[in-house]
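Per-chain numbering from 1; labels A, B, C, D, E and F assigned in written order.
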Amino acid sequence: MKREDGRAVDEYRPLEIKVGIIPNANGSAMVKMGKTVAIAGVYGPVEFLPKHKQLSDRAVLRCIYTMAPFSTEDRVRPGPSRRSTEISMVTANALSPVVFLEEFPTSVINVFINIIQANAGTRTAGINAASVALADAGIPMRDLVASIAAGKIGDEYVLDLAGKEEEATKADIPIAYSPRAKQITLLQMDGDLPPADVKKVIELNIKACEKIYETQKTALKERWKK
Amino acid sequence: MKREDGRAVDEYRPLEIKVGIIPNANGSAMVKMGKTVAIAGVYGPVEFLPKHKQLSDRAVLRCIYTMAPFSTEDRVRPGPSRRSTEISMVTANALSPVVFLEEFPTSVINVFINIIQANAGTRTAGINAASVALADAGIPMRDLVASIAAGKIGDEYVLDLAGKEEEATKADIPIAYSPRAKQITLLQMDGDLPPADVKKVIELNIKACEKIYETQKTALKERWKK
Amino acid sequence: MKREDGRAVDEYRPLEIKVGIIPNANGSAMVKMGKTVAIAGVYGPVEFLPKHKQLSDRAVLRCIYTMAPFSTEDRVRPGPSRRSTEISMVTANALSPVVFLEEFPTSVINVFINIIQANAGTRTAGINAASVALADAGIPMRDLVASIAAGKIGDEYVLDLAGKEEEATKADIPIAYSPRAKQITLLQMDGDLPPADVKKVIELNIKACEKIYETQKTALKERWKK
Amino acid sequence: MNIQKEFILRCVEEGKRADGRGLEDFRKVEIEHNPIENAEGSARVKIGETDVIVGVKLGTGEPFPDKPDDGVLIVTAELSPIASPKFEPGPPREGAIELARVVDRGIRESGSIDTKKLCITPKEKVWCVFVDVQIINHGGNLIDAYSLAALTALMNTKMPEYDGEKIDYSKKTKPFPLKDKPIAVTVCKLGNSLVVDPSLEEEEHIEARLTVTTKENGNVAALQKGGGPLSLEEIEKAIALSVKKGKELRSLL
Amino acid sequence: MNIQKEFILRCVEEGKRADGRGLEDFRKVEIEHNPIENAEGSARVKIGETDVIVGVKLGTGEPFPDKPDDGVLIVTAELSPIASPKFEPGPPREGAIELARVVDRGIRESGSIDTKKLCITPKEKVWCVFVDVQIINHGGNLIDAYSLAALTALMNTKMPEYDGEKIDYSKKTKPFPLKDKPIAVTVCKLGNSLVVDPSLEEEEHIEARLTVTTKENGNVAALQKGGGPLSLEEIEKAIALSVKKGKELRSLL
Amino acid sequence: MNIQKEFILRCVEEGKRADGRGLEDFRKVEIEHNPIENAEGSARVKIGETDVIVGVKLGTGEPFPDKPDDGVLIVTAELSPIASPKFEPGPPREGAIELARVVDRGIRESGSIDTKKLCITPKEKVWCVFVDVQIINHGGNLIDAYSLAALTALMNTKMPEYDGEKIDYSKKTKPFPLKDKPIAVTVCKLGNSLVVDPSLEEEEHIEARLTVTTKENGNVAALQKGGGPLSLEEIEKAIALSVKKGKELRSLL
């Protein structure tokens, strides 16, 4: 199969990770995946207010995902949407398992994810950025989380759909993955696939996550060198 | 006078009351009045938060009336409207006089009324359901409250207007009534009637409330038998 | 230059100030400037709630500017707009320097400004009214603040633009001024003027503020006589 | 508070009010016509210390699908915090909503406005009549004050000219199609007595209130009970009293 | 709480549920057809103590610019506080939004609705299909209950007549263009086991959940993981279990 | 805090800044052109640690009734909480609103945009120019940074093609009708001195600020005073300083 941009079916777009891009934040990162650009900033842990929202035995990891108005062809209206609220929620679920939240009872860790430019895969780029930003903030973690999506076009399992591939695919399956625990922390799917294909696509995603994970670690090492 | 559905002028639509339809609620009821269906659920008394809204000498009876989006021909947009806010307020006024609110200072008793299907008389059906739900919740009460509306068509005083009668009437007068104290706890009117007619219509309503009251008590007895 | 309403270029519209027009308020005033009518009511100082908004070393002067829906030719939709939020903010900045806020730590002084009729100069009329209302409330002040706007039409510096003059002007510069301290507490401008002209227009405004200041003081004396 | 309440109730028992009025007396009612030039009609009404301005604005819009040739009436209310330390900034809550809806129903149900005459093009364009209030001071009995000011403002309203594209607010000539003069009078149960026009202090201690809006022919156009319960006898008396006081207020117009 | 949790988990370890069910058993499922006359189609579904009503309403509107000849599907959810002490009044928050979006995707991605047949005039006017839910009691497993009720309501839907100007809701005759029967089954990880149809008490103690929506041909149309992590093996098992239980539920229709 | 304030003020008294700059020196200004492909024009501006991206998007809409043949300019600002621990999630509050309105007025009042050239069909359809900002890091002096980035983004903007029905964002060719290059410079009173380009730490201790937006010909297009009072002499000096620094910044474009 020939892909629009010449990639192999199991090849993701050029990935670039920069750590520490927001001086005010406790931790931050920018992730570019092809033309998709996400930034993440971590603030906290700080006391969670109002008090009645505090959890007595652990911190709350609060994620807020937003898109810059100019990030897409049709301008995005500012303010939360149903889509952004859901992505914020699944992002928090994707990251929470690897953070030692139990070390910070009654606290909140705020993770802000802003999409600067959107071209498929904004939620996975956001998770990749947020995972690195949490580590950059020095928050104790069991592991990093890597994230990517894949689908099936014709008979082929195809990684990191972009451009017109999104319309051609029979399904779009994003995952987030913690390599050390071999655990999937995010899984969604829209489409139409037999169960066996779902498994194949997830496996393709997992392999890619293991590579992204290496790039994440390298980016953090670069940062710590400075 | 011949009515659309063959009823006598002083006859209300078939009334059905079921108690205890919401297992999670402290008390609940469903009221069907012809094709109008209302459910009510009571939660509390519980501490009223935020604290600055508490009353030091009694509980607040908070009513929230809403219509299911599919309950009318033209879909109802979710969220409060000016109409629903006003009905919530007059419903709380209709029920508060019969509840021993002074026994629960600093508390709130939440009464939720949802209209499942609307065909005239939703506020009165809601009050009938809420009154029974409060009793089902075991909240100490002086009495039950019964509620219905009436109007005048041509020269006749007509009970429980439904269907096209609503357009033909010269006035629509809903009341809520506490039979033991012989007190009217809700009274509204839209229309155009001489004062003497207003009195006749209210008297017609009171008579009907006394019958509805019996049906409410029977429904509660059925419930307590189980 | 001939002005629409026959005024001299350095003459403002007929100014009328009435103090004590809102019995419920701690202090109040109505200001008419030509056809523009503003009322201001002051409530406080009272404890600022919620507590986390309190300032430990002084009071907050909170201003809320609103326009009555019927105050303009095209009805104003109720609720805050970006414009009214900004005017509220610059109004608070215009008044705060003359109030001894440090005498009331953790408190709030609420200043409500409602425009009853709008015909140019509503923000300046509101500040003139609020300044007098603060004094009427007995709040300790260093000085009063007077406010007016001016512009340039053709080669002339023109005070208190009204009617079609607003379209003809090269710039509209409102100021607020504390005469005793000779300080400018509000300064905004929209337009297109060389820096030297900006200075001339501000000077014209300052002269007028000194006159308005006298009218403010007279109105307060009238009030205290009663 | 208890002392105030006792005093108010004792006065009423003795057949007079804390401020010396009789049970069925209004405070001084003052009406100012057209104080707002930018409105198509306006009125300022003072009842004792209560002080409100109502402005009527006309715009154009689409009719409701089920009433394709009727103009649209929109009555709003905000409890502006300038008028009372008890009013808070923010969107209208139940008190403001009830105020607006009671005034609205009084005008609407009395058939006071000939809405057919407010149709420009059936199904497409009709006049929208906005009735808005600025409360300057809340001294009790806002419903009656707003209702009276709204009626007066509508009586003062002139239609602006409209050429099919733009409204010319500088030319207001044609009369507004007003057909009746509905008056709202709120009767309050204070102790065991019925009184009209409660002051702010009295309002805090009433058991119940009943607003009765009456037409010129004496018919009732709208009722709204607030607060606690009333007996049928009390309701009858309240309606009779409202009819009587309504006539008096109407004579001021 | 700890005792409840221990009991629930011990039962599951022993291969059964706290209420005596097997790990792969649903509670009793009851379906009532068309309880709502004012809806174009409706269904009430009870799964154990969970009780929901779904109504389908049809209106007309403009199509989306990028799909000029497709009808529009709008699925909403409110967690009405009548149904649980944990639900609060106010606009939908993330729980309600996820519920609506998962049900929406199940219907949309399975291609269950032939949206082309809901086009009236391309680029200008299409049918809008509103799917709304009233939760009466929240007894756990809301996603599956809403999904099943939504599908049943759509199967029960009849199109009202439309003359190009007005919808005549009194005449509903034409069938609704439904092409598939997607069923959502949510598998939960409870301790180390996978179970279906969690009760309210079980839901509080699950590690993770995976909702799998399957089509009539056994294909997966939508996935949504909630809660904590799952291994690939667990996901495989959950999908297989969902396919199996989905068929059982579909046979009830 | 007091120590920081004292240090900052002592430096200024001695004619320099806490970070070594002179009173009239900007921090390092970096401009990146068109970092956002999906925008019609964009710019990233860094001033010291302050880091903002501005994107210009073009859409179509109705003109305002009183300006039937003018395009519409919409400038917004959100203080994204990603950029500072002091920014909170939620709708724009007064700080964000002032930022947007000051940038808006600088562009609008300077006549920088030839809005007549943005008219498509008079009274019916015009171009809407959206100027939006993403603040990445708030290191002080946001007004100047946003203004500079907005101007640069507008200079970089190309109009997409429009066939009367749909915008083709893949073809952006025609230049955007920009007529002037307004620059905003905010002068701050720190102790008794006037400085430009305050750092985040300095901003906390300023007495007052005056933003002056100047045109290419040196005229003032907009003024906005923030914070406390200023004397006429201080205002004169601030304007002169802004004109001078504005020229320097304009030379970077």
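We take it that a residue touches a chain if its C-beta (ideal position, glycine included) is under 8 Å from a C-beta of that chain, and two chains touch if they have at least 3 such contacts.
In this text the structure is predicted, and so the values were computed from the model without any measurement.
Enquirer: When you check each chain against chain A and chain B, which touch both of them?
Expert: E
Enquirer: Within the chain touch network, how many edges lie on the shortest path between chain D and chain F?
Expert: Minimum step count, chain D to chain F: 2.
Enquirer: Look at all chain centres (mean of CA atoms) and spot the one farthest from the centre of chain B.
Expert: Farthest chain from chain B, going by C-alpha centroids: F.
Enquirer: Let me spell it out: compute each chain's centre from its C-alpha atoms, then which one is farthest from chain E's centre?
Expert: Farthest by centroid: C.
Enquirer: Between chain B and chain F, what is the gap in Å from one C-alpha centre to the other?
Expert: Whole-Å distance between the two chain centres: 58.
Enquirer: CA centre of chain A versus CA centre of chain E: separation in Å?
Expert: That gives a centre separation of 27 Å.
Enquirer: Which residues of chain E are in contact with two or more other chains?
Expert: Expected reply: no residues.
Enquirer: Two or more other chains touching the same residue: where does that happen in chain C?
Expert: As it turns out, chain C has no residue touching two or more other chains.
Enquirer: Looking only at which chains touch which, which shape fits best: line, ring, star, complete or other?
Expert: Looks like a ring, each chain touching just two neighbours.
Enquirer: Starting from chain B and heading to chain E first, what is the chain order around the ring?
Expert: B, E, A, F, C, D
Enquirer: Flag every residue of chain B that touches chain D in the complex, lowest number first.
Expert: 82-83, 85-86, 88-90, 93, 96-97, 171, 173, 178, 181-195, 198-199, 202-203, 206
Enquirer: Any idea which chain E residues touch chain B in the complex?
Expert: 35-39, 42, 49, 51, 53, 55-57, 59, 76, 78, 80-85, 89, 91-92, 130, 132, 134, 136-139, 169
Enquirer: Enumerate the contact residues on chain B facing chain E in the complex.
Expert: 21-25, 28, 35, 39-41, 43, 64, 66, 68-75, 78-79, 110, 112-114, 116-119
Enquirer: Inside the complex, what are the residues of chain F that reach chain C?
Expert: 93-94, 97-98, 100-101, 105, 108-111, 210, 215, 218-232, 235-236, 239-240, 243
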